[in-house]
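Below is one structure, written out as structure tokens; the observations come after it.
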């Protein structure tokens, strides 16, 4: 009994020392640090391509997008974070055609499920990599995705 | 400078704590809020009073501690003069020790050293 | 003491004079979320634990009655956010089974791999938090540090770190990133070295073993009766691994051991999770090189309507058996969608486990059950 | 001996003499007291702030983090910033708390740590008081701090605090014994309780090496017991943030909380100082047998550096305890003391007494 | 046991039970026969349905029902037991929480969200919602004009 008592003490103290060994070894290995200094490393900080930061509408150099205003994204959004304001344009042939006036996106309600991007028939939407969304005013989270004066890309139906 | 300078330490610590609290009281903002002065209980109002009869599990330990602490005090004079009193003192303290250890062993055997 | 100090106790507590009633939570560091335990103490000893949940009840089951199936999938990440992909998969599998769609092999493999990665990530966070519950604060950082690598892999492929929304009925949202396989292999190679370090730091530690062995015992019969599943149930010897009982995705193609311990205490539950991390790595290694080429999604109709009937799908989430029960009336929305969350059943056993132990043990027990409150409250 | 050039008693004596020459005896004593008070206040504050910073850095390094790095160079002023923040925090008085005890508790913890600090010899001749029962005095005073914690927990009128107070009560009744008995081992070897004399006796070798096996056992027990005594590391049951949110200081806010925080770190410093003084030879340099050249070089390192270095090592060990081990449960705390440390201690004293009688120590 | 054998066995216990084959073998019983069936399901050594892995409350529109998913850890067969009550104002059903302890929480949840009271349940309180909540949200006729916006 006395023997097992003493053995228990030595074994217990031994396990304590192994634990202390782990923490001490990290203490003396400063290169194992994983901290990223965030605002300083902003320049090097690159999000991966697939990162879902916000929904954007890519525009090409001529300020053209490919959103036809079909409204599928609006239907598919589970949170109601997309609202479309559509209008009718008259094209050269004199035909009336539906187009977007404003593609309104409520970032504050978005849960980044990706259904709008996936279901868009004309690939008008994409995810952006921006992740610094903090604002002081909640209304600033409501964005209009199509740029001022943008038009529909040629050949997109 | 010896023992009497302890009074300096007493006064210094009083000044440190008292001064800081008074200073803080002076500069800190104050606002009253009924919830603020509630005792903390994870956001839920306390049920009953806090100073209830509280079941502490170390009653026997406390008694044992009292005994052993007094014995430790008795050991100090012996420890200081151990080299002078030599073997005779050693044997005497050995008897004292045996009684102490016996007491501890008895308490152990009687499961007094178990928290309930 | 003044006279108005005596407050009438709530109706549901039988207040003996000696009873010391204390609320643990909702604002408490060890409940890992907004969860409230109403404890009745005798000194330090816990006499009765009453879990009060519902602080973050969001009514997801009600919400689903208005949503289409692809939309429901992304809601389920928000249940057990630590095994988000597994929850997604449950809904998708249920819908696919109801429609009798055969998803491509590639999808099955990828789903299984990400499931297991998710399980490892979840267990890493559990290990981190469990150590912290016990008072060993360093574990928290080691666990999170290693979890970060998995989250990076997720981010690269799925775009999300914690909640991926990678599944969709019929397949996946997009294809794997080209670096996925190499990164996963590298992670496994590294993590095989780190995991023994976890053991050295915590598992073998004499204070830890003393504090967890024999604490929170629940017998196999009780575990089955309470429906304690997942690692918590397997710690009691309840062979409840859905991956074995009713294999889904690619689990019928891999060999793995179900980690079973019969002690039924906190330490057994701890060991099960540690073993599961090893097993998950084995599963991934068996699959990662054999991902077949092909489509990443089956052809689905634009609007998914399930045939009339009842469908149930069980999957093994990181905390236990996750189930989806869909009753369809033929519309694009489910008539009723019930989510069987593992934590809810696991929690129901906490009173039986914690009775007679100390407050510190209650913290250890709730840590070993690995409660995720949003899953419990739904 | 060369390191006697660093004797501070001549320096203090010079101050004393010059003051005496300049003014009347009463004002001399008064001025000296004020100087002493200011010096220790400054020392106390600087050590406290440095230790808080050191703890943050040490734990960050162990956890693969960087630690404070924003305020000042390498985040050195982080603690100062925190202190200023805490000064600006409102002091909240909890409803129905025992006001007198609630306010008294921070005083008690600080006074206890100040008193203990008084007796510590930092270098030759650099100590405020040199009592002939110095060791005994330090032990007695440092155990008063726990009373402050007990009062703080009890008076708060919060259930979590009360449990914390009860736990600290359990801590009082156990670990004081072990601290006393493990120091007794060295007293048996040294034959004196005066701290300056204990240091002086280690001129030719530290007690840790002189008393070989029993001294090493006593050193380990002292480290464990004193960690428990100062409510730290795996023994922070009275605080136990994962169980009792913050335990005894749940209801304390602002600067009052800061004092508990400060006292914890000062107690750590005091305990480390005692360990360094009693076991590692205080400000005595490291001497190895007959390596005269080596010993000579060691002598040129100032005693204060030796003292600070030894203390720092022990503080590091105490921090290592906290950041590695899980917390003990309350019954395990008592089991460890009564079933392990106490019997080993009693045996250890006899062993040491036997060694001393036979003259087997160095 | 195969579904055929299960069907036979259950018809022996409660001949009135309606048994269909869906994903799992579905047994619908009247509330009055419910308590003759349920204890047998667990205690019968051939059935040994000891693990209740899900309990769902369902609002069928005209009736409120509860579905119990049972499986046997020994044999691996699974059945689904259903009972319903057409009383929507004060629905009352028997509890099974003394047979399968997991039912205790699940039945509290169903009480909370559907308003079905379970007789002999030891602790019939709301579990998620506040005690003074009006109505039972998962019922189809539940209206909340503030938070539920109909589109």
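As written, the chain order gives the labels A, B, C, D and E, with residue 1 at the start of each chain.
Definition applied: a contact is a pair of C-beta atoms (placed from the backbone, for glycine too) under 8 Å apart; a residue touches a chain by one contact, two chains touch by 3 or more.
Small disclaimer: the values here were computed from a predicted structure and weren't measured.
A.B. asks: Give me the set of chains touching subunit A intersected with the set touching subunit C.
C.D. replies: Common contact partners of subunit A and subunit C, which must touch each of the two, are D.
A.B. asks: From subunit B, how many touching-chain steps at minimum until you land on subunit D?
C.D. replies: Steps on the shortest route: 1.
A.B. asks: Could you pull out the chain whose C-alpha mean position is farthest off from that of subunit D?
C.D. replies: Following the centroid criterion, the farthest chain would be E.
A.B. asks: Taking the mean of all protein CA atoms as the centre, name the chain whose own CA mean is closest to it.
C.D. replies: Answer by centroid distance: C.
A.B. asks: Top contact pair of chains, counted by C-beta pairs?
C.D. replies: By contact count, the leading interface is B-D.
A.B. asks: Per the centroid of Cα atoms for each chain, what is the distance between subunit A and subunit E, given in Å?
C.D. replies: Here subunit A and subunit E have centroids separated by 42 Å.
A.B. asks: Mind checking the centre-to-centre distance between subunit C and subunit E? Centres are C-alpha means, answer in whole Å.
C.D. replies: Those two chain centres are 24 Å apart.
A.B. asks: Centre to centre, by mean C-alpha position, how many angstrom separate subunit A and subunit B?
C.D. replies: Those two chain centres are 56 Å apart.
A.B. asks: When the C-alpha atoms of subunit D and subunit E are each averaged to a single point, how far apart are the two points in Å?
C.D. replies: That pair's centroid distance is 64 Å.
A.B. asks: Can you pull out the residues of subunit A that are in contact with at least two other chains?
C.D. replies: Touching at least two other chains: 16, 19, 22-23, 34.
A.B. asks: Mind pulling the subunit C residues that touch 2 or more other chains?
C.D. replies: Residues 1, 5, 20, 22, 28, 43-44, 138, 145, 201-202, 205, 207 of subunit C each touch two or more of the other chains.
A.B. asks: Quick one: which residues in subunit E touch 2 or more of the other chains?
C.D. replies: Expected reply: no residues.
A.B. asks: Check the chains against each other and report every pair that touches.
C.D. replies: By the stated definition, chains touch in these pairs: A-C, A-D, B-C, B-D, C-D, C-E.
A.B. asks: Using the touch rule from the top, collect the residues of subunit D that touch subunit B in their complex.
C.D. replies: 16, 32-33, 36-37, 40-41, 44, 86-97, 103, 106-107, 110-111, 113-115, 117-118, 128-131, 136, 156-162, 166, 169-170, 173-174, 176-177, 180-181, 184, 187-188, 191-193, 245, 250-251, 254-256, 258-259, 330-331, 334-335, 338-339, 342-343, 346, 349-350, 353-354, 356-357
A.B. asks: List the residues on subunit C that touch subunit A in their complex, please.
C.D. replies: It is residues 67-68, 70-71, 73-75, 78, 138, 145, 148, 152, 155-160, 163, 165, 168, 173-174, 177, 197, 200-202, 204-207, 302 of subunit C that touch subunit A.
A.B. asks: Per the contact definition, I'd like the list of subunit B residues that touch subunit C in the complex.
C.D. replies: 41-49, 51-57
A.B. asks: Over in the complex, which subunit A residues touch subunit D? Could you list them?
C.D. replies: Those in contact with subunit D are residues 9, 16, 19-20, 22-24, 26-27, 30, 32-35, 37.
A.B. asks: Using the touch definition from the top, list the residues of subunit C that touch subunit D in their complex.
C.D. replies: It is residues 1-2, 5, 20, 22, 28-30, 43-44, 131-138, 140-142, 145, 201-202, 205, 207-208, 210-211, 358-361, 363 of subunit C that touch subunit D.
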